[in-house]
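This report concerns only the one structure given below.
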Amino acid sequence: MVSFADQLLVLVMLINFIMLGSSRMAFVIRAVAAQGVILGIIPGLLHPFSGHLLAITASILLAKGLVIPYLLNDAVRKAQIRREVEPFIGYVPTLLLGAVFTALAFVFAQRLPLAPEHRDLLFVPASIATLMTGFLILTTRKKAISQVIGYLVLENGIFIFGLLLTEAMPFMVEAGALLDLLVGIFVMGIVINHINREFSTVDTSRLQTLREE
Amino acid sequence: MMMSILFHILLLLLMPPLLLGVINKTKAAFAGRLGAPYFQPYYDLAKLFRKGSVFSSTTTWIFRAGPVVTLAATLVAALLVPLGNHPAIISFNGDMILFAYLFGLARFFTTSAALDTGSPFEGMGAAREVTFACLVEPTLFFILITLARMSKSLSLTPMLIYPSPAVWQDAGAAMLLLVGALFVALLAENCRIPFDDPNTHLELTMIHEVMVLDHSGPAFGLILYGAALKLFVLGAVFVNLALPFKSGNLLIDWIAFVAAMLLLAVLIGVVESVMARLRLIRIPQLLVAATILSAFAMLLIVR
Amino acid sequence: MIHLLVLLPLLGALIAWLIPGNRLRPLMLPTIALPHLGLSLYLIASPTVPVHGGWIWLDPLGKITLLAISSLFAVCAVYAVGYLAYRQERSNRVLCLGLLVCLAAMSLVTLCQHLGLLWVAIETTTVSMAPLIYFNRNARSIEATWKYLLICSVGIALALLGLLFLAYATHVAHQNATLLLPDLLEDASALNRGWLHAAFIFLLVGYGSKLGLAPLHTWKPDAYGEAPGLVGALLAGGLVNCAFLAILRVYQICLASVTELLFFQQVLVVLGLISMAVAAIFMARQHDFKRMLAYSSVEHVGILAVGLGIGKGALFGVLFHLINNGLTKGVLFLSSGNIHRSYGGKTVEVVQGALTRLPWSGGLFLAGFIAITGSPPFSPFISEFSIISSIFVQRQYLVGGLFLLFLAAIFIGMALTVLPMVMGTPRTDLEVTDYRDRMLTVGPPLVMLLVIVWLGVWPPEALLQLLKDGAAMLEVRS
Amino acid sequence: MVFVWNIDVDPVGSLLWAITLIGLSGLPGLLLKRPGPGQILSVGITACAALWGMVGALRILGGAPATRYQLDWPLPFGPCELSVDPLSALFLLPLLLAALCCSLYGLAYLPAASQPAVEKRVTLFSGLLLASMALVLVARHGVLLLVAWEIMALSSWLLLMTDQQSLQVQRAGTVYLLATHTGTMALFVLFSLVKGETGSFAFPPAHSLALGATVTLVMLVAALIGFGAKAGIMPLHIWLPGAHANAPSHVSALMSGIMLKVGIYGIIRTVSFFQQLPVWFGWLLLLLGAVSAITGIALASAQRDLKRLLACSSIENIGIICIGLGMALVGLQSGNRVLAVLGLAGACIHIINHALFKPLLFLGSGAIIHATGTRQIDRMGGLSRVLPRTAPLFLVGSLAICGLPPLNGFVGELFLYFGAFSDGMLAELPVIGFVAPILALVGGLAVITFVKLYGAIFLGVARDPAIKQGHEAPLAMLLPMGLLAGLCLLAGIGAPLLLQLVAPVVIQYAGVSPLLFTQIAGAVPLQQIALVNGLLLAGILVVWLIWCFLVQRAPVAASSTWGCGYLAPTPRMQYTGSAFSELVTGLISGLVGSQGRVSGLSGAFPASTRFVTVTTERILDQMIIPSLRGVDWCLAWLRHLQHGHLHLYILYIFATLFVLMVWSQP
């Protein structure tokens, strides 16, 4: 089962590339939802069945697969923005950067003092690669929604690492974290709406009146 | 001894105007004139003391106090100076500081009195007086400290009696520098040519004389007398330094001193005759040069 | 009893949400905040024991933070009544709700002994603060909110990763991952060095972006500048303290691990100094006094970090400074809020002669400026001097020299902004509002100022004992 | 607060009480609604406390034991000790005197009736200022001293800001605040190092510290910067002229007469900690003193603002004091006791003297400002008719500050000259001899400055008819001035008394036995000087009588001033103060930046034009401010880091993360 989870992580990394390379907003939202769903399934593959597990899986699937994509789509629709992602840096360079980061993630993971049972798994490199993808999206995309997506991918990367030690995080904390994440995204969604109302655009490059002369 | 002190005081009080007379006579001689008699300054003073006074209505008591305080301070300063080989009337360690500061006090009142009239010319003269005097002060103190160091004493009397032919032989260069600097200081302090021309007829170029324009009668007499006394006192210092002649005999020493003073007056007269008054902006340069000379003398001695 | 600290504000939040009247609702704030303060003081004074399997415990560090937060909030709550009475044009439902939720979350932060729970509480404060920054509802405030939200969220996410690293370090060490502080402290020495370093770095960067350590501080001037003064006070005195407590918790583990403390200390000192330098750079020629206060906050966070890194005698100063900075920032933000309201602007071009126009607020602002720059008889002097003297006692001349240099530069920069504001005569060519000093908007900061003087001249023994206990928890154990 | 008071017997206790009372004296006024009674009450309290404290200080100087009181401060800096030793008492004495004079003066200068709001503030903070200065002097604990020091700085700043609506005051206040606060940081270093070396913030006993060269260097330099900035030693004097000029006059008197000395006290106190001082420190202090004295008085001579002039002359006097201290330290280091005693005695005497004549002059300037409403010397003139009582008092102060006999200023300088001369004579450190010409030059410049000041203000006739010709100051202002002038005279004529006052301090800190002290100081001819002074006065009297006799014999006429033939002289043609000092300003233009601005004449019929000279501060205006501009330019470039681009902000976060991760790798 662990090896199957490993295969799924390859898929997660592929989705990273899709998000970096895609120019259409709706597609990217779908991709991040897919990534969320995959990540939601993985705990079920790793651990024996329990009520705790079920609750977690269900809530992740619900949040990342349904609620958040819906919120984002809703924001896109309400904002009536052009569908493009509008990067600061072109798609190809970001893709290349993503590839370099992914490669580096593998190299880096090799050098980490991992526990013996985690040595040969893809979890750590996938986690780092996803994290870096989130970072790339955050820093290279202009639209506020893209940045939310970047943040989500970042969270996903962290989540993958968290899969290594589900025991450490008791249910309450995990639920709390998830809830916080959800509320955070929710608030972001609201803010995007307001940004849109205020500026008639969600292009964050407009958001730079606050700076030092 | 008692006689000596009495003579000392009498010389102090009576001789100063004579110096002016000698200077003027020398200058007249250089100009090919007969000149006023040697005792003309005494006649002038006597006349002034008899005259009535005119006071400017803008003046206050400071104007009246000016000549009085100046003369009193100069008199007290005169008591601190040895004449030739004869010790000063009052002598104690550190009297040279008081000596210098008494002139400062005198200057404060002279210049204040000048400012009291509200006349632009007198203010101008006062400004020049204080400024040039300020530049002379360091020279004076360099000379004093060098002498103190040479004579290992802190009082004017031993300091000034100290120079002897032997000293001149040992430290001739330093002594020469000192004497030169002191002569410059002497001329500057007493407002003689090349610093100031007491006989000029244009107020704009004067220093001392323009300050006292408004004084009249007895007050002006006091001022003239005070100026002569100052010349006498500083001249005495100079003579002590420049002519290290000592016989030990009371009478010979007195005669030598008086002769030297008269000689000094002639020297000043010669200088005044052969030199032109410096441009005002050159004066500070000469004074600073004198300061440097004296500082150099000090370095030669302390090294 | 201890649960009430969290439940009481939550209950208040619920009631505030339900109250329909815009006038009545703000009264809910002091109604909750004052009992909360009383409760906090009671709990701080009484000995406490861990509950819930050690998850919840009010230890001295928590007590100090709770004291700072609760007292600041109480003052701000009273002020809010006066402030919101003046701003009836805008619904304050979200504001009251957010404030009370934030109080609950902040109280929870002080109680947590489980780092995961602590993370949750901190994330809650982040999220609940966001709508408050947006109170003014204009383009600038939405921009500030967005920047705040995104940067802090990214930071908090990185902190979560740091937590995972920490848990993984325990996992690697003994196959039994945990995030419970007592457990972590107990066998910290067994932790893998690499993971510990990574965890420390991620947590420091994560919470540091919340705290506002340079160069993670970029949201601060925007958020502080655009939020109402009241919210600014809570950001600077409340959230900063919470985030710093979180870093203290992490640092406790680092201390307990005893492996090469030098790295942790150096990182803290360097980041602290960078923060002070950044503050100095940006305070020079700062025209916007609220942004200036934000940079002052960056500076003081830097001071805290340097003090923590220096350790020993500075620890007392750090913990004391936590309280002092919070209260003094409260004075500054609340009075600057008044000035902002009265002049309708927050740049030095507009605000001149505040002492003439608003004698009380202007005076308070001036006094706050003098206090925050570390002058006696105000208490920040005591704490700053403790830190400085400790630096020099430990012969860290370079650090001390830079510290003083930055302090001087900051003082100059700040003075050149503050003094023209408060002195002189108000401009007559600008539109004036009818806002004037009032009891409810001047009283609270005044009370805070008096407290600062009290703490700076003759602080109560109990507080000093508490600070010493707290400092003892941060001593290097060898 | 655990004090064990022995009010009736203990002089230290009485001093502490006096300080407390003075500090609180402004409080009742705050609580009273009606202006007036509070001020009177405050003056009453201050006066009584000051007199009571002066008795205590005198008893300490007379040899009463220096009881130590402990203040149980709860803060973790250790217990604080308070004590008054002769050194403290020497500074406390003029402080209390100034408290007495200035508070009484304030009663008429800033009457509560006409300025109720300002008066309350000034009264409160004057009390605080006095008390905090006194606390600095009695504190025996670094942190307590720092607290008092900062309260002193702040309360004086607030006093300076009395007239905060004026731009000039704002600028002066800002510079002062910045200078004093940054100066205090040096003291942070100093006392931290004391703590580091001794383990406690309490002052180490005198001559007990024997430290490494580096630590000593840092401590001494820190003390020199921290205390020296307050004392106004060149080049740390930048704040001083503006601050002293713009405060209310009686506050200027306090700041200039007393507060600067508190800085000097700090230097002496710090120096006293060390067992062995490095030789360079004495020379450095000497050099700084000489520089301060010359540049200070040079600056003063060029000033056109009455109070700025007085302020600059304070720099000169501080310089003279530093010359004395430097001499003493050099003497101590080289084992030359004579130099040590003379230098220290000169410095101490000058400290007292300056605290007498400088407040006198500042109080006098207050009376002048009251009468004329301006501080511009060049617009005044002939005020001795308007202020017939102030004028002679001011003259006494002017003569004293020039160091002219028979006033007190001469006495302090005499000791320094003696040090210079005797050392030049004894040949060990002939370089000290240079002090004498320097002092002479300073004295000469001082005469220029004060003749200009006195002459331009009081003599002649009013230059500007536009300025108001007010009236003589009321008794409450004249009384303090009279007291100070009387003391100047007393101290000048009764110089041995002055020496006795400073004797305990000199004996202690020059490390000599009382016998040796009497021997060395006895060599200074105070009695003879007094004799000559008497002779001088007698001489003046005699000449005066002769003159009166001569004048009365002949007719006396009154006329207008002789205008050298010019027929229509106007008062504006008088030599102004600026004109008076123009000659010397030209000579020292390297030190004083004086720029003339004349708008050019053009055309066949040029319009009326103005010539304005502005005296600029070399260091502040031509060095510090331009360099700050340079710094500002660099910072402006760095400020682009806050550019408003969110995605780059996030990049900062990751960059930090990256750098720290790399750093953590061994």
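Letters are used for the chains, namely A, B, C and D, taken in the order the chains are written, and counting of residues starts over at 1 for each.
Here, contacts are C-beta pairs under 8 Å (C-beta built on N, C-alpha and C of every residue); 3 or more make two chains touch, one makes a residue touch a chain.
Only a predicted model underlies this, so the values are computations on that prediction, with no experimental measurement involved.
> Looking at B-D and A-D, which one has the bigger number of contacting C-beta pairs?
B-D
> For chain A and chain B, what's the span in angstrom between their mean Cα positions?
Computed value for the inter-centroid distance: 99 Å.
> Nearest whole angstrom, what separates the Cα centre of chain B from the Cα centre of chain D?
Roughly 36 Å, centre to centre.
> If you average the CA atoms of chain B and of chain C, how far apart do the two points sit, in angstrom?
Using C-alpha averages as centres, the distance is 77 Å.
> With centres defined as the mean C-alpha position, give me the chain A-chain D separation in Å.
69
> Could you list the positions in chain A whose residues touch two or more of the other chains?
Residue numbers touching two or more other chains: 138, 147, 204, 207-210, 212-213.
> Quick check: what residues of chain D touch more than one other chain, meaning two or more?
In chain D, the residues touching two or more other chains are 639, 641-642, 646, 650.
> How do the chains pair up in terms of touching? List each pair.
A-C, A-D, B-D, C-D
> Spell out the part of chain A that touches chain C in their complex, as residue ranges.
Counting only chain A, the residues touching chain C are 112-115, 131, 138, 144, 147, 151, 154-155, 157-158, 161-162, 164-165, 167-170, 172-173, 176-177, 180, 183-184, 187-188, 191, 194-195, 198-199, 204, 207-210, 212-213.
> Where on chain D does chain B make contact in their complex?
Those in contact with chain B are residues 381-382, 384-385, 391, 395, 399, 402-405, 410, 413-414, 417-418, 420-422, 424-425, 427, 430-431, 433, 436-441, 443-445, 447-448, 450-452, 454-456, 458-461, 523-525, 528-529, 531-532, 535-536, 539-540, 542-544, 547, 550-551, 553-564, 569, 571, 573-575, 579-584, 587.
> Can you list the residues on chain C that touch chain A in the complex?
Interface residues on chain C, with respect to chain A: 114, 116-117, 119-120, 123-124, 126-127, 130-131, 134, 137-140, 142-147, 149-150, 153-154, 157, 160-161, 164-165, 167-168, 170-172, 175-179, 192, 194-195, 221-222, 225-226, 282, 287.
> In the complex, go through chain C and note every residue touching chain D.
The touching residues are 146-147, 150-151, 154-155, 158, 197-198, 201-202, 204-205, 209, 215-216, 218-219, 221, 263, 267, 278, 281-282, 284-285, 316, 353, 355-356, 370, 373, 375-377, 381-382, 385-386, 388-395, 397, 400, 404, 407-408, 411-412, 415-416, 419-420, 423-425, 458-461, 464, 468.
> Show which residues of chain A lie in contact with chain D when the two form their complex.
These residues of chain A touch chain D: 88, 135, 138-142, 147, 204-205, 207-213.
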